[in-house]
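Got a structure for you, questions after.
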């Protein structure tokens, strides 16, 4: 049953050094507040899983939290590179980061398989791609009925998954609405899970088939108002496309980045997305 | 793009003799009106796929439409046997019907795999069950990462799937709400599809993550008011549990059944669920 | 106590008591559903009931006739598609207890809901497996409830639809990612549990007024009794009252159309 | 006609025209998204746009900056989970056209969005595959649009992230359940199509004011031209007006916070 904790306590309890962590949210509902808390608590050697690393992992990587990143598309959407990710991969700053890369289809299926308790996902993928030559976690199996060759990847089963959502009720049941990405899968696939929410309400007011994650399938819930900024929360606030564009200049340079981190994450506990937002 | 047809024309066009047909609806939204139209048009040698055959397949089997039934639970829910199914299997009336049986998990995964365009579904199932000894379509594969033995079944890919839903808009987009079963999967897995709906509306008024099937993924839409009776349509009318109980007596005897069929299906075009409802 | 109650009520109340508060239970239709809802309405208000129709954390006011009655969806926290139900919630390991009924059960708690007789020429064709084969292996443990009779309790089932402990009691040995299997069988006469070593079902508790002979006569093999044979506690007045109200509400709803 | 327009506009309009009304298109972010929405706002009002964020049949009023902007969800018929998007809609065979951009493309239309240089010691690390590897093989056919330059159009890509026709042009031969692959590449200079036999990209149409030398200079291999080389029709006034309005609306929305 979900416990209501402060974000500090939830991260302190469930995010251990060397853990495998998935922070999900497909463009929408990216758990920035939680990511900043992980940075503040100076977690180290994390294996970070995420389909689209986005600015949140750029920040975690630049802050030295990551040992390895498992991903399928690592860019600043519509803007360009993730400079901290590139600096780590290309030049080893602040230290070398290992990467393991997949396609979106592979990772989406791997999250699905993780939620489904399976050791692997099977799909029709990677045909003609050279990704299998650089990722030994991509294998191929044969369909016993048709003989067709299908791709297989290990399921995603993180030690802890962290997502942001619109709201929870007082029993800890959580409503996710809009672009739901692989958030439900991330939660169900993980040993532990933290959900940050905009607010706690008496009644979720959910549609009969809404994406609701029961409280008993979640470890901890923490309120983090505007916890997804500069990404967005459908029904609450919009995406700060401006900040995404500004991030390019901030992250391009090690000093500017470090200064931003100091001012906005280490000192700016209450302002998750930074002064620039 | 979905065409708006009469139920007669939709069935005449898409349900061919010897076709593989899935009529889905997990207790809820069972397409009885369409099933009765198939009986009236005296379709023959159908391979009928359905997780829970229910009264609808009892009627089709008794009416002589079925050559084979693929299913996972063939009873009258909460009441007892499907007497027409049993009579066909045990005594060959009105003719012998072949059966291929699975578990629910297998069929649910097989519908999922069919919708996903895969030749097979992989899941953790059938452990210790003797079903694999009587169903040669159950095989086992080995996970290339863990060595675990997992079950595999062929995906469901019907010639035509038929489901009932709450409503369609004028572009043929369909809203399914409540217990959604494997209806979306059935439609997406099939070569052709017929959706019967309670009504056509200007605006579906759907939630952002509602189960909406786009018109371009459907072959034909036919209005069939109360088309799910004696099962039910969430938000429109309830299940006739009384009729489900009465069916036991009707179906137990060949003559009573034949008489019921004559009076309520062959003659009772407008009254899909029968006089008894 | 000198309450009047039927053996069916005794069975349902005992089955209900087996479910602890807070347990997540995948509920079969019929007797398991009756017991699980009685548990929810008495000592286990936070028991989480899941039905294979996709209804998650449902709190029906009346007992469903089918596994997918509207009541289940309307009172659920949310309703998911059936593939998701079997993949994420059952196979994903979120279910503590699978609560099943059956037509036939043998001494190793294997269940048969497929047929009586030979598969190719069945004497009686039963509904089939439904959700049971994977509920029994993917749930943390399994409770089984059914009426005691020689027809139902057989030495060897005609067909193993659903694994208890296999035809030799070793069916779960060395199988990875499998639940504990049946941990108790609740009938209208007694409660049975598998022997820790052989996995053969053993009577651990007799219901009030039932003696060993009653059970032996209703069981198709030489049934064993635990050394410390207990007497099942009687239903309380409150449990009986709530059960009877539940059944009356249900009866009214199902016949009233 | 003597309309003024840029080569970028020419590219977008030509790419848009490639999409027929009623087509179901899986849209990549950036240039493909711009072209696909222009098509929807001009000649193809019933084109169905699908983005990998799960937004199905979406009709954004402004161009999304990211693949999952709120606008995409708000204007969609419905929004599904990302696994469903890739499994049911893409892999399930519901997509007629996959519309992709790329960083590098080679003569067999293989795409590289992974890195420049060596994998172990990259000169430039690019974002990676994203949806492209499976869009390119599971969609009925693939359109590609990008700016023409020697850096982008190389004889052999540094890394085949996404299959065009393989390093030898035979990468799709005898592969079951695979789409036709790239059927056209639209740049700011020309339109290319694969040779029916060798699958090598061939220029089939030059944009107005562009000559063969311009294309040869911007292409990293000895580019061939079709025997019947056509001249790409100019954008219409209406297309330009709608495109410029769309871009202006988008610019206002993305900078206005």
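Going by the order they are written in, the chains are A, B, C and D; count residues from 1 in each one.
The rule we apply is simple: a residue touches a chain if its C-beta (ideal position, glycine included) is under 8 Å from a C-beta of that chain, and two chains touch if they have at least 3 such contacts.
This is a predicted model, so every value here is computed, not measured.
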item	value
Chains touching both chain B and chain D, listed by label	A
Minimal step count in the chain contact network, chain B to chain C	1
Most widely separated chain from chain C, with each centre as the mean of CA atoms	D
Comparison of A-C and A-D (more C-beta pairs in contact)	A-D
Separation of mean Cα positions, chain D and chain A [Å, integer]	28
Between chain A and chain B, centroid-to-centroid distance (C-alpha), Å	39
CA centroid of chain C to CA centroid of chain D, Å	57
Touching two or more other chains - residue numbers and ranges from chain B	112, 116-118, 123-124, 148, 178, 180, 184-185, 208-211, 234
Residue numbers of chain D (touch at least two other chains)	73, 79-80, 87, 91, 138, 177
Pairwise touch network: line, ring, star, complete, or other	other
Pairs of chains, among all present, that meet the touch criterion	A-B, A-C, A-D, B-C, B-D
Chain B contact footprint on chain D (complex, rising order)	22, 24, 48, 56-57, 73-74, 76-80, 87-88, 91-94, 138, 177
Residues on chain C engaged by chain B in the complex (per definition of touch)	29-30, 52-55, 64-70, 72-74, 79-83, 85-87, 90-91, 110, 114, 119, 122-134, 137-138, 159-163, 166, 171-172, 175-178, 253-255, 257
Touch list for chain A against partner chain D, complex	26-28, 51-52, 71-75, 77-79, 81-82, 85-86, 89-90, 101-105, 108-109, 111-112, 123-131, 134, 148, 178-182, 184-185, 211, 232, 234, 238-242, 244-245
In the complex with chain B, residue positions of chain A that touch it	116-120, 122-124, 137, 139, 141, 143-146, 148, 150, 152, 154, 177-178, 180, 207-211, 234
Residue ranges of chain B in contact with chain D within the complex	1, 112, 115-118, 173, 184-185, 188-189, 206, 208-212, 214, 216-217
